[in-house]
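Next come two complexes, and both contain chain A; in the first it sits with chain B, in the second with chain C.
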Partner chain A sequence: MSVVVERSPVPSWLSDRITNRHLVAIGVGWVTFFFVFPVLFLVVESINFGDGHPLQAYQRAMGGVYLAAFVRSFLYGIVTTLVTLALAYALAYYLVFSSKRVRLLLTLVVVPLWIAYIIRYFGVLLFFSPTGPLAQSFGIETDLLFTTTAVIIGLANAYLPFAVLPIYNSLNAIHHETINASRTLGAGQLRTIYSVVLPLSMPGVVAAGVIVFILSAGSFLGPDILGGSGQSMIANEIARAFLEAFNIQLASALAVIYTILLIGFIAIFNAVFDLQEALGNL
Partner chain B sequence: MSAVGSLKQTGLLRRGVLLGTILLIYVFLLVPVAMVVLTSFTGRAFPAIPYDGISLQWYVALMTDSQLLGALFTSFVVATGAAIIAVIFGTIAAIGFVRAEFPYKQQLSTIMLLPMIISPVITGIALIRYFGQINVNAGYPTLIIGHSILGVPYVFLLVRSELVTFDNDLEKASRVLGADPTMTFTNVTAPIISPALLSGLFIAFIVSFGEFTATQFLIAPGTSTVPVEIYDMLRTGLTPEINALSTVLVVIMVLAAVLSRYLER
Partner chain C sequence: MLEVNGLTKYYGDLCAVNDVGFRIDEGEFVTLLGPSGCGKTTLLHMIAGLREPTEGEVTLRSENVTNLPPEERNIGMAFQSTALFPHMTVRENIAYGLRMHGYDEEERHARVQEFLELVDLPNHDDHRPGELSGGQQQRVSLARALAYEPDILLLDEPLTGLDRVLREEMRQWLMTLQRELGVTSLYVTHDQEDALSMSDKVVVLDDGEIQQVDHPQAIYEQPVNDFVAEFVGKSMQFSGPIRNDGPRPFVDAGDTCVVLPNDSVSSDREEVSLYVRPEDVNIEAAQATADGGATTVAATEENAFPGTIEKVSNLGNRAEVTATLESGETALASTNRFPHLEVGDEVLVTFDSESVIVL
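Entry: the complex of A and B
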């Protein structure tokens, strides 16, 4: 391979001054200016500078439908995480220990990640719709649409690939000798899974759980497309306050509360596990 | 390998149950998208499995719908612009973070990942209010900058993992042979990490192309994107035209993903 040495397009007086720390500053600066500042600006937007209590939006945000939406986001997030982890563990376990076509099967897990969420929720909607292809072709009619079950199914469907990858990686890293030793020492397969494989794969399970919880608790499209008014999660209430009630103060207050709760959750997690490593698995 | 063998020595029944479960999980994972694509070829007025022959009438309807074609154009422009910006800043940050040493480096790099952690609804309202304050017009500018922010974490993670395995001696050799840092970058570093950059470009393109939640706040009249059109159509009722438009989106996104994976090797 011939290497054509090009003249440097940047004058040397400039290139000599750019250090790696400057590169960090440019990258972090871009995200700070166009993401961190806007999110911090919501704090200003959430405060009432007119008549009444400065924090009146917060008083409203912590009661009634909004409190219910916060609780629902948390509960739906937990349930979705548990369902997704169970499915992901079974799948990852099969891929690592029993499958002969790991590459193909892993690709099939990743394929849905390439496709827009809205299309995947639309597919779940079609699945349950009384005028959908299932009902039309097979006469299978469900009353699931616009229920909590439908929302959980949709969320689990959307975020399952995010859970499979970290669990697959942690299972794949287990040395076969360890499992061998357990079997040689007389443990049955279930005992081996319970006492050896499961503990060793915990980092992957925790990483997967955190990712799925963060994504599902903050989901807008899942409850919007598959749920009814009784399934409204916090993202839906924020959007409604902003787009329908034009109450920017309330929408901002809800966003600030949710972001603080989420960052608190991540900080606790980060103290125990490495979030970066978890996200790096994707 | 014998450990794998021992795990395989399970009863035939247990294996059958396991295989059945795995098959069901794949059905669960893949059937929704397959259903959207399959029912786009119906000749009826609602999404149905086309038993009575394949019809392309809803694709024809799509081709004559100037609003949808406009949305497709907008999505392309926005995703291309956003992907380029995301790759530039994601790569700059990744190089800096891998090579510089300073206190709280790990904590600081979490900032680069925040856009993928914060709910996109919050990202959307935060950006559109902030853009209003700093006089950035709603439409292409808000969409491209907003989507570039959503793509940055993916590029950052991808390029950083590529750089960690990079052989620093190659750069030292280049410097010893008399090249300045920029020449070293263009002639040594860039060619080696460029597959990761191109791969990141396509990932950021996909992230932008399919994004709805933050996008609904960032659009202006006339700059609606494909996911926004799909959402609006879903509000007004199920017609196979939504399926046809979704299928076009699926094809473009999968194509970009395949290119990305191919380049990564």
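Entry: the complex of A and C
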């Protein structure tokens, strides 16, 4: 009688020593060491151990320009997310259902990611500037620069690829016969998009929305390059407190508040949509 | 009821469907049978309005619907993948078509219940399609396609994904349902058993062209060309020129002669193909003669050939026996269950000359 031993692709001298726990430990260890510890360190830094109130930095952080920057970050985040989702959905829809050059177009969507954000924002800056092609060749003076609109355009432009890919994936996973079924059941093209395609692509839309929101609400370069003093977002205020005012206590307090707000926001989002499902489908 | 005229579809230079025409009468169950890639799905999609024909027209209830989109054709369609909406419950799936056809809330509720009972799933209205078995999903998909009383039911290989036992059960069930409702149906399949067991009429398609349109028995017993004879059912084959210089017409198939039915009228020397269905072939152990030769009997009978058993496939209720004739042809016979034959046995293969199909 021979005993059949199930063979693992990993050699036994290795698999005997390394268990799944070890593999998890690498990832968890990395995050703990480089994310959890630094954030905890920020918490410690944000508390005042000298004279005055221990939480005096927090009192400052929740008022005035900082409160405005928090509100602005979330508003810009939401508007950028909506604009980006609309653009990305249209593009992904075209890629999946109409295009014959899917590979080429997908590559073109991804290519901008190879270029540094700062370069891309400068590109937008030049495009809208009085010496840019719009003004020089077409005589269109937009006056867009250093306005909220310019910031939103820049952010949507920068994060579009992150939204196209998950939406493309979930649209691509829709079985074509489901769409045919809707048509034969008497639903027109628009009705089919609304009742079948849109709901079935929701996981991709939700995933894209979360990614774009987190990225854009925390954006530093976009408002820095394309916005004026009135477009300052929370990342800009934190940077200013750190690098210009050298107020590490205040900067830390701002960072801690922002982190808590973002976690809270994602928790609420998760309660409404099933993020596990949405991100798991990527 | 449904009439298709000169329907043609080109994909670039490739002709997928070529000048196809046939008609379906009220209440008929017609099957479109053909191998995969023969254009049957393209044809069905053109009838449904999911693809635009290059040429030709589709007439439904004497209205030309060739240029109408699918939602304006009042058709019901069941798909191989079931195509149920995974994000809706069974009830919502069935109600979807009803809503699109203008049924109000109350009627929708009543109809969903009625059709769920009709497909034997009365208590599954709150389930998601993913929670149902393959057979149940297909039944929901049929209920969805039928609930709003379409003019015609189009079925695109709905039984293909199911296992054999379930498939046979579903066939029976589908036939009963179709007769009960009297709904005109067009069923697309590559499975000849589906086609022969369910249809009033079979349209055999190959290479985008119609090969034969007839009722199932005629398709099996009187195929009009080699494709139909070979695609539908198994058979034993010979080929060679016809000779009329004997007492009866026969075919000179190399080392053997096959006597043809009396009424086969063909010119002398014309090359023909012969087919004999396995049910018409008889295989029995050769009786050894005194001098040990097993073949002496053969010479005395017409269409009797000595051979050797190659394979015996017991299928339970019957068996399929394959034998190689001394002349080199392969003989296939359907016999009674568990025949007392073994591989290598010397046998005598016989068939009635009247059962020979001459093409």
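To be clear about the criterion, the second predicted complex is superposed on the first by the 242 of 282 C-alpha atoms of A that agree within 3 Å, B and C clash if a C-alpha of one lies under 4 Å from a C-alpha of the other, contacts with A are read in each partner's own complex, and residues count from 1 in each chain.
Here, a residue touches a chain if its C-beta (ideal position, glycine included) is under 8 Å from a C-beta of that chain, and two chains touch if they have at least 3 such contacts.
Not measured: the values here are computed from a predicted model.
*Asks:* Touch test for A:Leu200: chain B only (first), chain C only (second), both, or neither?
*Replies:* second
*Asks:* Under the stated touch criterion, which partner chain does A:Ala92 make contact with: chain B (first), chain C (second), both, or neither?
*Replies:* Neither partner.
*Asks:* Tell me which partner A:Leu165 touches in the superposition: chain B (first), chain C (second), both or neither.
*Replies:* Neither chain B nor chain C is touched by A:Leu165.
*Asks:* Which partner reaches more residues of chain A, chain B or chain C?
*Replies:* More residues of chain A are touched by B.
*Asks:* Let me test your reading of the model: by the given contact rule, A:Ser252 touches which partner, first (chain B), second (chain C), both or neither?
*Replies:* A:Ser252 contacts chain B only, not chain C.
*Asks:* Check whether A:Gly188 is in contact with chain B, with chain C, with both or with neither, and answer first, second, both or neither.
*Replies:* After superposing on A, A:Gly188 lies in contact with chain C but is clear of chain B.
*Asks:* State whether A:Asn180 touches chain B only (first), chain C only (second), both chains, or neither.
*Replies:* both
*Asks:* Under the stated touch criterion, which partner chain does A:Leu106 make contact with: chain B (first), chain C (second), both, or neither?
*Replies:* neither
*Asks:* For chain A, which residues belong to both interfaces, chain B and chain C?
*Replies:* 177-178, 180, 183, 189
*Asks:* State the interface residues of chain B toward chain A in the complex, per the touch definition above.
*Replies:* Against chain A, the touching part of chain B is residues 1-4, 6-8, 10, 15, 18, 21-22, 25-26, 28-36, 38-39, 46-49, 51, 89-90, 92-97, 99-100, 102, 106, 108-123, 125-127, 129-131, 133, 145-146, 148-149, 152-153, 156-157, 161, 179-183, 186-187, 206, 209-213, 216-217, 227, 230-231, 234, 238, 242, 246, 249-250, 253-254, 256-257.
*Asks:* Tell me, which parts of chain A touch chain B in their complex?
*Replies:* 3-10, 12, 15-16, 18-28, 30-32, 34-39, 41-42, 45, 87, 90-91, 94, 97-98, 105, 108-109, 111-112, 114-127, 129, 131-133, 136-137, 157, 160-161, 176-180, 183, 189, 192, 214, 218-221, 225, 234-235, 238-239, 242-243, 248, 251-252, 255, 258-259, 262, 266, 270, 275-276, 279-280, 282
*Asks:* Looking at the complex, which residues from chain C come into contact with chain A?
*Replies:* For chain C paired with chain A, touching residues are 45, 48-50, 69-71, 73-77, 79-81, 83-87, 96-97, 100-101, 141, 144-145, 148, 154.
*Asks:* Write out the stretch or stretches of chain A touching chain C in their complex.
*Replies:* So the residues of chain A touching chain C come out as 175, 177-178, 180-189, 191, 195-196, 199-200.
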